[in-house]
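Which chain is which? They are A, B, C, D, E and F, in the order written, and residues in each are numbered from 1.
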Amino acid sequence: MSRFRLALLNPNTDRRHTVAMRGVALEALPEGSRVTAVNAERGPSSIESEADSVVAAAEVVGLMRSTEPHHAYLIACFGDPGLEAARELTDAPVVGIGEAAYLAAGIVAKRFAVITTLPRGVPALEDALQAHGTGRRCIAVESLNIPVAEQGSHHPDTTPAIVEAGRRLAAEGAEALILACGGMADVARSVERAVGVPVCDGVSFGALLAHAMWRCGLRTSKAGAYGWPEPIAYLNMPDSAPSREG
Amino acid sequence: MSRFRLALLNPNTDRRHTVAMRGVALEALPEGSRVTAVNAERGPSSIESEADSVVAAAEVVGLMRSTEPHHAYLIACFGDPGLEAARELTDAPVVGIGEAAYLAAGIVAKRFAVITTLPRGVPALEDALQAHGTGRRCIAVESLNIPVAEQGSHHPDTTPAIVEAGRRLAAEGAEALILACGGMADVARSVERAVGVPVCDGVSFGALLAHAMWRCGLRTSKAGAYGWPEPIAYLNMPDSAPSREG
Amino acid sequence: MSRFRLALLNPNTDRRHTVAMRGVALEALPEGSRVTAVNAERGPSSIESEADSVVAAAEVVGLMRSTEPHHAYLIACFGDPGLEAARELTDAPVVGIGEAAYLAAGIVAKRFAVITTLPRGVPALEDALQAHGTGRRCIAVESLNIPVAEQGSHHPDTTPAIVEAGRRLAAEGAEALILACGGMADVARSVERAVGVPVCDGVSFGALLAHAMWRCGLRTSKAGAYGWPEPIAYLNMPDSAPSREG
Amino acid sequence: MSRFRLALLNPNTDRRHTVAMRGVALEALPEGSRVTAVNAERGPSSIESEADSVVAAAEVVGLMRSTEPHHAYLIACFGDPGLEAARELTDAPVVGIGEAAYLAAGIVAKRFAVITTLPRGVPALEDALQAHGTGRRCIAVESLNIPVAEQGSHHPDTTPAIVEAGRRLAAEGAEALILACGGMADVARSVERAVGVPVCDGVSFGALLAHAMWRCGLRTSKAGAYGWPEPIAYLNMPDSAPSREG
Amino acid sequence: MSRFRLALLNPNTDRRHTVAMRGVALEALPEGSRVTAVNAERGPSSIESEADSVVAAAEVVGLMRSTEPHHAYLIACFGDPGLEAARELTDAPVVGIGEAAYLAAGIVAKRFAVITTLPRGVPALEDALQAHGTGRRCIAVESLNIPVAEQGSHHPDTTPAIVEAGRRLAAEGAEALILACGGMADVARSVERAVGVPVCDGVSFGALLAHAMWRCGLRTSKAGAYGWPEPIAYLNMPDSAPSREG
Amino acid sequence: MSRFRLALLNPNTDRRHTVAMRGVALEALPEGSRVTAVNAERGPSSIESEADSVVAAAEVVGLMRSTEPHHAYLIACFGDPGLEAARELTDAPVVGIGEAAYLAAGIVAKRFAVITTLPRGVPALEDALQAHGTGRRCIAVESLNIPVAEQGSHHPDTTPAIVEAGRRLAAEGAEALILACGGMADVARSVERAVGVPVCDGVSFGALLAHAMWRCGLRTSKAGAYGWPEPIAYLNMPDSAPSREG
């Protein structure tokens, strides 16, 4: 069997974050795997609002078209912007890191909680959990009131806030935690140690999930909703319908 | 009270359709109302796939930024692309024509059905109905297997297919119909006459709904999910956060 | 087009309240509109219990029969008693003020809260929200423990309790508020100013919603659930089935 | 322990039906039980529309007030009109025959179906099943297109239609049937024999359920939603709030 | 009619508890009823974990096979282990005490709460309520952090903890309480008196519910899910499929 | 990193099937992985009824106790019997093949269908899908009316029935298929080729999912529902609570 080749698409324009997530994916994947990591070339440097998310989703469509075919794709932004559109543009499997984190939490725990950045993002996460079917297992989505830009191991002062929220949620019945921000990924292990419950990181597990799909030959269905896009005329930009070689 | 000024934003690039929808809105609104109708300047000419929809949603963000403030906004594409993002970018009320059609059907009927263009779009519409809370009242989403481009009064050969589907759905318990495609709007009345149940058109009712919101002073909440976007840096394009003058 | 004629039906017997709601509706509607406001001639003067509500619903049926045909009808009690029965008795559109408030809140906010009078009414409101499909968007139904009879601008001492509840709910994530009692309608604007989030009033918006339905020709479906009542014999009172002239 | 005394309240005015249901209840209850059977003195003779149901519900409130206290109450109309209002007006247990039939079906079968009279009633029954929490276990609500007035053993020509519908539903996965019309109750056993799956009759089981509640001392909660009605002034009719002697 | 004969099956091995529950059932049932009470002969003496529950469920299958036919069966452990399997093994009605408590609470109250032993059991109870369809009516499942083994009237020191939890839940809107542990059954009445809301006991009501099913001739459906088990070969133990004499 | 060691637990007693599933898992897993495959030593040779399933679940508890610790566990029966109990008995990740198939289908398709053996099993599968949160995405659970014992590549005459059902479901909107019986696993690829939509096999994907969990260090939470069982006394069999060395 050939070596696994994963395309990691970061919907925002933060190159440093893209590089860091590539490292996380490479470390998780079986030896010899290759990861192509690209990010949007225009749009927001991080995603807090729905307006940011909508712009980023359109960039994902562009990245899918400009990236050569891979064995599998990972949309590496917690809100999974453009995930379903990406599935239309390939017959390889496509995984989102938000979706991956929900699946992982559902296997290690019967009840979990989500920690996010700003209060404004809480309803959208609740809606995503509901649409994903896992809403009933999430006891709370809690925000730190600290933006994406100040998250991560290079902002050591924000980690205690995550730990404090995690301990409070665990006391209320959260058996696992999800950190709903790619920028928090590199503190996941230290939060896990401090709180004492599993902390689910969508980047490493998402990469392995994409690998698992590929290994057993599961490909995106081209019948129905994820079929190749119809040949619609696009004005002032390339058509969305790729050639069917995938 | 000043005259009502509505901005109608068509997320796709089909200018002819934009002009037609402006006419429908003007006819519905109280005399003296003004309607500014704009459409995307890039992207798909009609929306069938999720990839089309995602590109169109990003265009809505751009249109919101480039259009001067109005009393209310109507997103005039049945899938309501970018609707929630648009709400972040103004404190005036914003209505989507899909949402408007669901609300109208819920008032005139206890059970309704939705008729759409291609089978691929059925699951997305089912999900939208579910997210909107009205899924249980919709007995079926049925596709004609005829694309958007061949809908409307200038394609008289497709109307009989809508009528036939409508009659079948009415026999199965649909007390009202929703035509889930802006292109079908101008045959709504003839379908209503032929089938004998109300046919809900999101363009005319959506314009009146936006007017109703404005008349009683209801404005988009700026607390929480629809608050003004955070000031995120955007690469190679204008920032999404508008100045707060709205 | 002829002038809009709305019938406002107050299911309880409080004439003063009926007159006040007529004023609110007239002020909201386009100039030249006419509003016929009637109230129940027997039954409770305000509605707190399910027993009150059930008696009031039967009065709505009587009012529908005794009122001459109008362009649209507004059932002006927050619990929407008799709303679906009223829809059977006309083919004009019928709107409830509770329903109208839920729709308005769903357009201006992603999450809202409801403030009501007595604790006993909370479960019924939760059930109504659930049946309406909007339950997931309501973060809380909170009671003031103050009865209907002590609500409104002529009881200035109760307004601070509404404002205090509103502020607490806004802090917990309510992006808009609904005042679930017609008697609170006339303090809506002052609560909105004090709390800083939109406050949705079902009377003014409901009147405009009914107007919107009429303007675009949407009529209650006579197929299925809202069809004219069957010709059942009624003992000791007029039959419920009206003549079909509507 | 004293002898069980049940009040059976028929919300419609059909005295013959009231007498028949009293017989069914007496036969089901332990020897020595007593059943007081009363019916509405005004309103519809059978219930097909929501307008009929709303009028009947108000009659239930009147019957609760005019009937002397009993050990338990049975609201004997499949739509359970006024059931929750009746619970406010007593601290004895109150059971509805529709509710009873749902509970029985949920014990004898994992999936069931409901057979009703007219198509117009189907959505209301679907909504009642959903509100009751048992919607997912009901595979279909099917109508015979035969009104209440033509149901029952004295209309032997309608029984074959019930049997035919029952067989079709059983073939589609219905493990039990509910006949959603009191008028069908007396053919339940013959339908059961002909179709070969349990047929749940709300009158006999409802009477026994009321008896079971009484035997183990379970009384309607007077805290919260089912508390005694508030002392509201009633115009032109007796107040709904009974004296607290119950 | 012959005298009612109930088989009470305790899935755990605690004989003392079995005897106590038999007494409760006998006291509730009409005079002359007979109760055969058996318990598992192997497995856990009380059930706290899912592992305990799974072992107990298998014991219920064995008890159903080794117990001679009765008029009805009561599975006497709050988690209802093996309830659906038991229904396959007889055509008599089978009731679970957890299920019975939920049904009783749904008749006496619009909102209720559940009190259980250990925090680990809360999610399983929430899931059971959801699967049963009554989840939305339960405002909270609260644990005492006291194991089964220390519950009941012979541990008088734990009753105050139940009363305290009950009062707090009643203040939050619980109109009735369910004690989710057979071991708490004998303090139900004293908790009811102390808290002032109905306390639902699944043993006495479950026995009466089984009696009610039997009295009106309702038997477990043998079509579909609860049909007699297929004749599968069992290794090292008796086959699960009983002879069809039931 | 050490070589991955998976314990595959077959809850039934069919040794041949156990060996076949071990082969499938080994082929899917990265080279060098080891798979210990064990099956129940007592109980049913295949699982069709709930009674079979309940007995098998208890065997899973025994297998968990008698199997030495592994990196991860796969419960290899589509109904996932004993899955949650198994999670209590280890802190390594535990995956079920039914659960795995649902997750895979949710990644490759927006709508899928399930094909199973006997009609009796349909409601239990529908309930499992609902509990898992993916019910809305499954358009149908269809049975072949052919028992487990006649499934698989050594019964070539049953494959055409699967293909025919698959084609019919695909025509109705199923974008992927799940074969809900381990015995069908070895015909999955030929069904996929014949029908033209992805066919999800829980054994191979489940093994890879377990591997993915292990690779990124995700372990079963020991807080709350999946905590180590309480130390309950077991009669006539070993206690369920293992020593805490895991």
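Heads up, the rule we're going with is that a contact is a pair of C-beta atoms (placed from the backbone, for glycine too) under 8 Å apart; a residue touches a chain by one contact, two chains touch by 3 or more.
Note that the coordinates shown come from a computational prediction; the quantities given were computed from them, not determined experimentally.
S.K.: Trace the shortest chain of touching neighbours from chain A to chain D and give its length in steps.
M.R.: 2
S.K.: If I superpose the C-alpha trace of chain D onto chain F, what rotation angle comes out, expressed in steps of 5 degrees from 0 to 180?
M.R.: 120
S.K.: So which has more C-beta pairs touching, A-F or B-D?
M.R.: Per the contact counts, A-F leads.
S.K.: Please tell me the distance, in whole Å, between the geometric centres of chain C and chain E computed from their C-alpha atoms.
M.R.: It comes to 44 Å between the two C-alpha centres.
S.K.: From the C-alpha centre of chain D to that of chain E, how far is it in Å?
M.R.: Distance between chain centres, rounded to whole Å: 27 Å.
S.K.: What whole-Å value do you get for the distance between chain C and chain F if each is reduced to the mean of its CA atoms?
M.R.: 52
S.K.: Send over the residues of chain E in touch with two or more other chains.
M.R.: Residue numbers touching two or more other chains: 84, 110-111, 119, 122-124, 130, 136, 173, 224-225.
S.K.: Considering only which chains touch which, how would you classify the arrangement: line, ring, star, complete or other?
M.R.: Topology of the interface graph: other, matching no listed pattern.
S.K.: For the complex, give me every residue of chain E touching chain D.
M.R.: 28-30, 84, 93-95, 99, 103-104, 107-111, 132-137, 170, 173, 175-176, 189, 196-198, 200-201, 204-205, 208-209, 211-213, 215-221, 223-226
S.K.: Would you mind writing out the residues of chain E in touch with chain A in their complex?
M.R.: Chain E residues touching chain A: 119, 122-124, 130.
S.K.: Give the list of chain D residues in touch with chain C in this complex.
M.R.: Chain D reaches chain C through residues 13, 40-55, 57-58, 60-61, 82, 84-85, 87-89, 118-124, 127, 130-131, 147, 224-225, 227, 229-230, 232-237, 240-241.
S.K.: Touching residues of chain D toward chain F in the complex: what are they?
M.R.: 110-111, 136, 173
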